[in-house]
Each structure stands twice: as C-alpha cells, then as structure tokens.
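Just below sit the structures, each encoded as structure tokens.
One chain, chain A, appears in both complexes that follow, with chain B as partner in the first and chain C in the second.
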Partner chain A sequence: MSLLEVTDLAVAAGSLQLVDGVTLDVRPGEVVALVGESGSGKSLTALSVIGLLADSLRITRGSIRFDGVPVHGAGGQDMADLRGNGLAMIFQEPVSSLNPLMPIGAQVAESLIVHGRASAADAAQQAVRMLGRVGIPDPERRAHQLPAELSGGMCQRVMIAAALISRPRLLIADEPTTALDVTIQAQILDLIRDLAEEEGTAVLMITHDMGIVAEMADRVCVMYGGRVVEQGDVHDIFRQPRHPYTAMLLRTIPRLDHPPKQELFAIPGNVPSPRNWPQGCRFKTRCDRATAQCDATPALSEGAHRVACFHPLSEGMT
Partner chain B sequence: MSVAATRLPARILPWWPAILLGAMVLVAIFAPLLAPMDPDRQNLLARLKVPGFESRGATNWLGTDELGRDILSRLIHGARVSISVAVLSVLLSGVVGITVGMLAGYLRGWTETVLMRLVDIFLSIPAILLAIITVAVLGPGFFNVILVLALTRWPRYARVAYGQTLSVARQPFVTLARSMGCSVPRALLRHILPNIIGPILVVATLEFGLMVLFEAGLSFLGLGVQPPTASWGAMLSTGRNYVATAWWIATFPGLALFMLVLSANLIGDRLSDIIGKGR
Partner chain C sequence: MTPFAKAALATLATRGVQAIIVALIVGIVSFAMMQALPGDAAYRIAAGRYGYDMMDAASAEAVRIELGLDQPALVQMWTWLKALAQFDLGTSAVYGTSVAEEIGAQLGYSLLLAAGAVITSLLIALPVGIVTGLRPGGVLDRMTLAVSIFLRAIPAFALGIVLVLVFAVQLKLFPVAGFKGASNLVLPSLTLGLGLAAVSNRVVRDAVAEAMSADWRLFARTKGLSARLTLTRHVLRNASVPVVAYIGVQLAYLIEGVVIVESVFAWPGIGHALVHAIFGRDIAMVQGTALVLGLTYVALNLCIDLACRGIDPRGRAA
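Let's look at the complex of A and B:
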C-alpha cells in the first residue's frame, strides 16, 4: 500500500490555476523524485501535502491520503499532529530556514517538545545525539550555537536533524541542496539517503537536477505546467523516456564526454506562465511532436511507467 | 536568550542617561527611606519657604510649597508615581499592541483588516483628547491613568509589531517551525516574537518618556493622581500659581521631569541606532 497518495490535486491562487491535476504516490521506504522546472508546481504540491500552503492559495480539487487516511480537509488538528510526527520537511535555504535567535539544539528538539514526546532535558539530549548523527562535529558545544555561527552546509545538516529526530515515515525534501556548493551537495544527499535507509523513511525529493534524480531516486515523477507528464521507475525513465519533455530534460544534462566548445542543449522556448498556459497539452508550444490532437488534454496512462502524451516516444526512438 | 540581548547593557546603553535613569528608579523604589520628611505633612507656619529653610530642626533643602510641605520629599515620592505609571502603562499598552499587531500580521485576511483599521481609528483621535474624555468618564486615579494611557498608546506598538510580523512571518524558518508541528500561538511566541522585539523595545523606551509627560500633563490638568499624593505634574500645576514669588515649587519637579524624559529618550535613540546598524 502507498504511504502517500496524491490524486488529481489542484491548487489555485484565486482564479489562477497553479497545480492542475497532480497524481503521485510514495511507498514506504522508497525515494521518489519530483522533477520539473521552476513554476511547474512541484513545491506547491509538497506544501499541499504538509498543509502549509500560503493563505492566498487553495486546494480546489483532488485528495491527499497519508497512510490511507485523507489529510486534506480532515481538519487542522489532524494535520498538526502529522507535522513533525509522521511527516517532516526540509527546505531550500538552510540558513534562512533556521530561527536566527534560537540555539540549533533547541530547534532540533522542537518537534519532540511540541508533540510532548520527550521532556525538555531528554529532548535536548536526543538533539545532541541527532546532531552527531548528521555529522556536526562537537555536537555538545555546537548545540548551544546560533545558526549564524554555522556554515550553510552545517545549517542544512541541522535542518535534516530537526526533520529526522521525530522519526517521520515520510520526509519531503524541497530542493535541499540548491543553495549549497557542489562538494557539500553530494555529502548532504548521501546523508539524506543513508539516514532515510537506516530509519526506513520514505523520501519525496523535489529537484530540478536530473543528476540528483539519477543518484537518489527509486522512482521519478516529472511535472510540467502544474501537471504530471511522466512517472515511472528511475531506470525506465532514464533509459527510455516516453514524454518528449522528459527526453529533452535528459538531453540538457551536461556530460563529460560532450565535445568541447559545442553548445549545450537547451529546451527551446520558455516555461509558459500559469496565466497563459496553452489549451490541452501544456508542452505543445515547445514540442517538436505536437499535432492538432494536442489541443485536447492528454490523460496520464495506467501502469508502472505512466505518461501523459498523445505521441509518446516509443522504444528505440531516443 | 539571544546574543543580542545578553550583550545589550555593555554595548548599547550610553552610560550617563542609564545611570541617571537607574538612579531615579532606585529613588522611586526606596522613596520612604530616602525622603527626609513625610511628603504629605503640612506646616502652615512654614509656607512657601526658600530652599535651605530650617523648620522643626530639619532643613527643607528645596524649600516648601504653599502648604508648607517639603518639596524634596514630595519630589522623591513623586518619582514613584511618575515611574510606576510610565512603566505599567508601557507594559499594558505594549502587551495589547504587540498582540494585536502580531495577530493582524500573521493571520492576515479579515482579522488584519478589522484590527488595523481599528488601529487607524485610534491613531486619528488626538491622544490627549481621548485621555481627557476617558478620565472624565472613568474618574481620575492611579489605575485609571494607567488604563487611559494604555488605551491611547497601544496602536503605536500594534503598528510596529504588525509591520515586523509581516516581514518575519514570511521567513522560511517560520514555515519550518510550522512543518515541525508548532501551533500558531507557539510559532508567534517562540519563533516570531524574539525576532521582532528589538524595534518594539526602541518604541517602548521612547514611549516611556512620553508616558511620564502624559502622566504629568494629566496631573497638571487635575485628571491624574489625586491630592495629596505627590506627583510631579500636580506640583508643576500648583507651582504655576506661585512662579513669580516662589520659583522653587515649579522648578524642581520640572527639572526632574526633564531629566527623566531626556535620559529615557537618549537610551531609546541609542537603542534604535544599534538595532538599525545590526540590520
């Protein structure tokens, strides 16, 4: 059974549709990557799951189930119980995501204290142990320091510690390494993967970096224009992408064997803004396979490797 | 506590206004021990005597007033009224204003509209007029003065707290706190309040000086603390009638007010400089 099941989720700001029919699932213990360009609705999907959409945004359609229980619309209390308990999230900017005036130890202990799962002294001890596990040197002393005294990479480790101390069953990681430099990125990704594996935590990893996807994910869910366009096993997607958008995304990854001084591949055109999303398939304006049929909205196919396209690439075409 | 708060006294406070204010607070606290005479004890045979006058074997260092009471003793006891009214009204208006401002800034929507329009309405009424009307309705007295001052001054804090909350609530760390299961009140108190308290402290310090003046103003008009309790404003008011013949009655409470308000304002200015630099 799926741990997280999102069905036909739609999010709107007023009359402006930003997420329009997202369907995805995460099974216990697996890593699912949610991939897409900026503005494709991946972060909004994550915030909907944890119930922290900005006030101006509303879920207009669809359902979200956590462990078989509907969470959206189940009432604020249930959601608050899940947050920092079964469900945890880490964010993009490690430094500004920590309270600048609170010692990091206290911030790591926060979810235990909020949910009454440990006394203050016990929570503080557990926080120090957790800081050690995420690779903070001298955690005993560091626990009393403020975020400003730590580097960005260290702050991201603190955030991971704060998320995992509650032993969540699902960790949502919203571009956890975007703000970090490349050497630190690999360390942080390894840390997330190792800890998630040890604890059996499922991870929903939001990213726009196909390299991270290849390294981390068991399954991939590709979003474009507020919709899921392709979904499947990471090997299938990389070996044989079926949606033209996924195929182009994969071609944008720079490779070491790329001939020097030859231009890198870029997907033609720009991501259309939600204000002027085209009718039907949203990728048709940038797609070389588009036909008149694409003026209708393609549905996501069934099966393990799902695609929403009228003219999917078939085997041997890439 | 935060680094900023623990290093506060050494880094921030200009030394002489701080010493002056501290001394005045100590005088207010230990007034009964420090005052050479009973501040309410009348001596009609020693009315309007010049500073240094001796009566009943004691010296009236700052002279006596129209009822022969010792000005120095009344000044010392008056510090209690001035400072306690100012402190309590700053606290009360601060708590009310910060609560309103933070709720409006965090919850947004109709709560924001209702609360902030209320703030606008209060700010559009001349403060002293509102104070006079309210005292006229409630009647004068120590606690009513505090209530009136808080009623007229809370919108200042609400404005500042609102603006600060608006910007801080959008910071990712508030979302992170909420994602860890923090309730809205906990997020407001533990995560947002410490991050917005600096500018509010500046307002509170400057308001303290203003509250001293307001209290004196109300007492001057006869709407404040009632006789025979000593109050600097009331002493100024009676001193006005004798200013040509007995200058000391109005001069000394005026000087005391001046120094108290000046030191509070200088501390407030310095605080705001430091906090401004910290940004």
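Let's look at the complex of A and C:
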C-alpha cells in the first residue's frame, strides 16, 4: 500500500488555479522525485501534503491520504500530530530556515518535545546524537551554537537532523541543495539517501535537476503547469520518456559521453505563468508534436508508467 | 569571565565614557544658553527671591556679587565644572536650597511618569502591533495605521490639553493636574504613552509580520508546533528584539515629552523644575536638572543595551 497518496489535487489562490490535478504516490521507504521547472507547483503540492499552505491558498479539489488516512480536511490537530512525527520536511534555504536566536541543539530537539516524546534533557541528548549522525563535528559543543555560527551546508545538516530526529516515515525535501555549493550538494544528497535508507524513511525529493533524479530516485513524477504529466520508474523514464516535456528535460542533463564543446540543450520558449496557461494540454505551446487534439485536456493514464499526453513518444523515437 | 559578562562590561565602559561627555556638553550648552537669554539674570533672580515689588537695583547688585555673575562667563563655567567634579551641583540661585536635594526629590516623580508612559505605550502597542502584524494589510491594520499617523501629528502638549479637557474637565474621571495620588498618573502617562505607542505599535507590527513570514517559522510548523506555540516559542521572542531596541530610540522623545507633559500637568518632576528654573534664571538649577536628564538618558540607554543583549544571543560570543 502507498504511504502517501495524492489524487487529483488542486490548489488555488482566489480564482487562480496554481496546482490543477496532481496525482502521485510514495510507497514506504522509496525515494520519489518530483521534478518540473520553476512555477510548476512542486512546492505548493508539498505544502498541501504537510498542511501548511499560506492562508491565501486553498485546496479546491482532490484528496491526500497518509498511511491510508485522509489528511486534507482533517482537523488541524491531526495534522499537527502528523507533522514532526510521521511526516517531516526540509527546505531550500538552510540558513534562513533556522531560527537565528535559538541554539541549533534546541531546534533539533524541538519536535520530540512538542510531541511529548522525550523530556527536555533526554531530547537534548538525542539532539546531540542526531547532530553527530548528520556529520556535525563536535556536536556536544556545536549544539549550543546559533545558526549564524555555521556554514550553509552545516545548517542544511542541522535541518536534516531536526527533521529526521522524529524518525518520520516520509521526508519531504524541497530542493534541499539548490542554495548550496556544488561540492556540498553531493554530500548533502548522500547524507539524505544514507539516513533515509538506514531508517526506512521514504523521501519525496523536489528538484528541477534531472541529474539529482538519476542519482537519488526510485521513481519520478514530472510536473508541468500545475499538473503531473508523467510518472513512473526512474529507469523506465530515463530509458524511454513518454511525454515530450520529459524527453526535453532529459536532454538538459549535461553528459560525459557528449562532445564537451556541444552546447547544453535548453527547452525552447518559457514556462507560462498560471495566469497564462493555455486551454487543454499546457505544454502544447512549446511542443513540436501538438495537434488540434491537444486543445482538450489529456488524462493521466493508468499503470506503472503513466503519462498525460495525446501523442506520447514510444520506443525508438528519442 | 563569561562572554556575556565581558560584553556587558564593555557596554558599561562605553556608556560610562558617554556619561562624562554628556556631563561636559550639557554643562557647557546649558550655561551658554543661559548667558544668551535676553535680560539681566541678577534682576530676575532677585525678583524670584524677593518678589518683583520688593526688589530694587541694590538687591540685584547684591545678588550679582553673591553669585559671581559679574565674573567672566568662562570663570563661572569653570567654577561649576570644578564643583561638579566633586559631585557638588551647587545651590539654587533663587531658593538657596541644595540643587542635588531638589533634584533628588523631583527625579523620582519624573521616573514614575516615564515608567507610566512606557508601560502605557506597551499596553497599547503590544496587543495592537501583534494583532495587526498577524494580519498585515487587513482592516484593523489599515485603521490603526491611520490612527497612528493622526496621533503622531499631534504635539504632546496639545494631546495633553485635549485629554485634560475631555477626561478631567468634562468627565471628571481624573484630576486636572498636580500630584496627590495614583489617579494623577493616568492622564500624563496616557498623553506620553499614546505618543510613544503611535510609533511603536507599527514597529511591533512590522517585527511580528516579518517573523510570521520568515522561513524559520514555516520550518518550526513542520516540526509539529501549533500556530499558537510557534507564536509564543519563536515569533514573539524574535520580534521582541527590534521592539526593545526601538524603546531605546524612543528615549529621546520620552525625556523631551516628560519635560513638556510635566509642565502641562504641573507634575512635581525634574522637567517641570527645569522649565521653572529657566524662567527664573536659576542657573545652578538649570545646569543641574539638564545634567541629570542627560545622565538619565545615558543610564536608560544602558538598561536597553543590556536588555537587548539579554534577549538576542547573537554577538554574545563575539
């Protein structure tokens, strides 16, 4: 059974649809990558799952189930029980995501304390141990330091510690390495993968970097214009992308076996903003396979490798 | 020595030096000011002592000789500074009483009024600022902005007179002036407190709004803290740093306001005494009260510094 099951999720700001039909699932212990260009609705999907959308945003359609239990619409108390317990999240900006006035040890211990899972002293000890596990040197001393005394990469490790100390079943990581140096990125990704594997934590990894997808993910979910356009096993999708958008995304990965001077591929055109989404298939304005049929909205197909396209690519076409 | 104690000591030393500089400047400026006032000081002082109808040129001359007003200004200045170095503020030119004793009796009243004003301003600014900061741009936010701008435009003495007319003369809720009991404290405190709150409620509002939209607040929420707990554990504490620092900024307005409001309400404080002494050309009193006001300013600033260090741990280690 799926750990997380999102079905036809739609999020709107007033009358403006920002997420418009997201369907995805995450099974226990697996890493699912949620990919798509900026503005495709990845963060809003994640915030819907964890129940922390901004006040100006509303879930207008769809269902979210965690462990088979519907969470969207459930009382705020249930959601708070799940957060920092079964479900945790980390963000893109590690430095600004930590309270500048609170020692990092206290921030790591916090979820244990608010859920009454440990006494203050016990939680502080566990926090020090957790800081050690995420690779903070001299955690005993560092636990008393403030975020400003740590580098960005160290702050991301602290955030990971704060998220994983509650041993969640699902970790949502919203572009956890985008703000970091390239050299640090790989270390942080390894850390997330290793800890998740040890604890059996499932990860919903949000990224727009197909390289990270290839490194980390078991399955991929591709979003475009507030919808899921393709979803499936990472090997299947890399071997044979079916949606033209996915195919273009894959061509943006720099590859070692390509001649070094060759220019990197960029997807033609711009991502339309939610205000300017076209009727029907949202990718049709940038797609070389679009026909009149694409003025209707393609449904996401059933099965293990799902695609929402009237003219999907098939074997041998890319 | 702990880093905190070390930093506190450094603050103390800086403020100590500042106090000495303030003493020198206040002494010189107030002396120069008194010299520049039109009319003959000896005449005014004699009039103050004996009454306008009881004095003549001879008594004025006697006063001039007695107080050394016939000596060059620089010599008089030097005499005052020399006495000050021995912590001697001299005697009132008009009443012959010790300036230090007079001020000792008045300072308590002024501090009482200042405390009343600050407490009143916080009682208004904190709830208003927190509520509007939680909903920036809302109806209440725009309403309080309008009221704040309006209140800021009214000078303290005018506001005081309006409050007296409404609450003392018309409604007879509080006494008009003087000091007989706690009820006398209400209107002068309200006059000053409203003036302070007109600005500081916006500072509170901005601080709360900024903390509410901070990344670290959202991350705290993902750990399972309820909205209320996030507010009390994180938002209010962080927001209090700029708020307390701003009280320091308001000290100049506060001291100036105390002088004005004391005169409006015939409050037996040091500001009232200062104004009275200026009119009576009581040079020693003017210099003494101005000096104590200046030193109070430095001392209060020191308290704010220490309070800021107490709430904001950043920079303690440095």
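One rule holds for everything that comes next: the second predicted complex is superposed on the first by the 313 of 318 C-alpha atoms of A that agree within 3 Å, B and C clash if a C-alpha of one lies under 4 Å from a C-alpha of the other, contacts with A are read in each partner's own complex, and residues count from 1 in each chain.
In this section, a contact is a pair of C-beta atoms (placed from the backbone, for glycine too) under 8 Å apart; a residue touches a chain by one contact, two chains touch by 3 or more.
Note that the coordinates shown come from a computational prediction; the quantities given were computed from them, not determined experimentally.
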Problem set entry | Combined model on chain A where chain B meets chain C, clash or fit | clash
Exercise. Taking the superposition as given, does A:S111 touch the first partner, chain B, the second, chain C, both, or neither?
Worked result: both
Exercise. After superposition on the shared chain, which partner residues are touched by A:D209: those of chain B (first), chain C (second), both, or neither?
Worked result: neither
For this session: Name the contact category of A:E175: first (chain B only), second (chain C only), both, or neither.
Result: neither
For this session: Considering only the touch criterion stated at the top, classify A:E5 as touching first (chain B), second (chain C), both, or neither.
Result: neither
For this session: Could you say whether A:E230 touches chain B, chain C, both of them, or neither, answering first, second, both or neither?
Result: neither
For this session: Using the superposition described at the top, list the residues of chain A that contact chain B and also contact chain C.
Result: 50, 52, 80-85, 88-91, 93, 96-102, 110-111, 114-115, 146, 159, 162-163, 166
For this session: Write out the stretch or stretches of chain A touching chain C in their complex.
Result: 50, 52, 76, 80-85, 88-91, 93, 96-103, 110-111, 114-115, 146, 148-149, 159, 162-163, 166
Exercise. Inside the complex, what are the residues of chain A that reach chain B?
Worked result: 50, 52, 55, 80-85, 88-93, 96-102, 110-111, 114-115, 146, 159, 162-163, 166
Seminar exercise, completed: Listed in rising order, the residues of chain C that touch chain A in the complex are 214-216, 218-226, 229, 234, 237-238, 241, 311-314, 317
Seminar exercise, completed: In the complex, the residues of chain B that touch chain A are 2-4, 108-109, 171-173, 175-183, 186, 190-191, 194-195
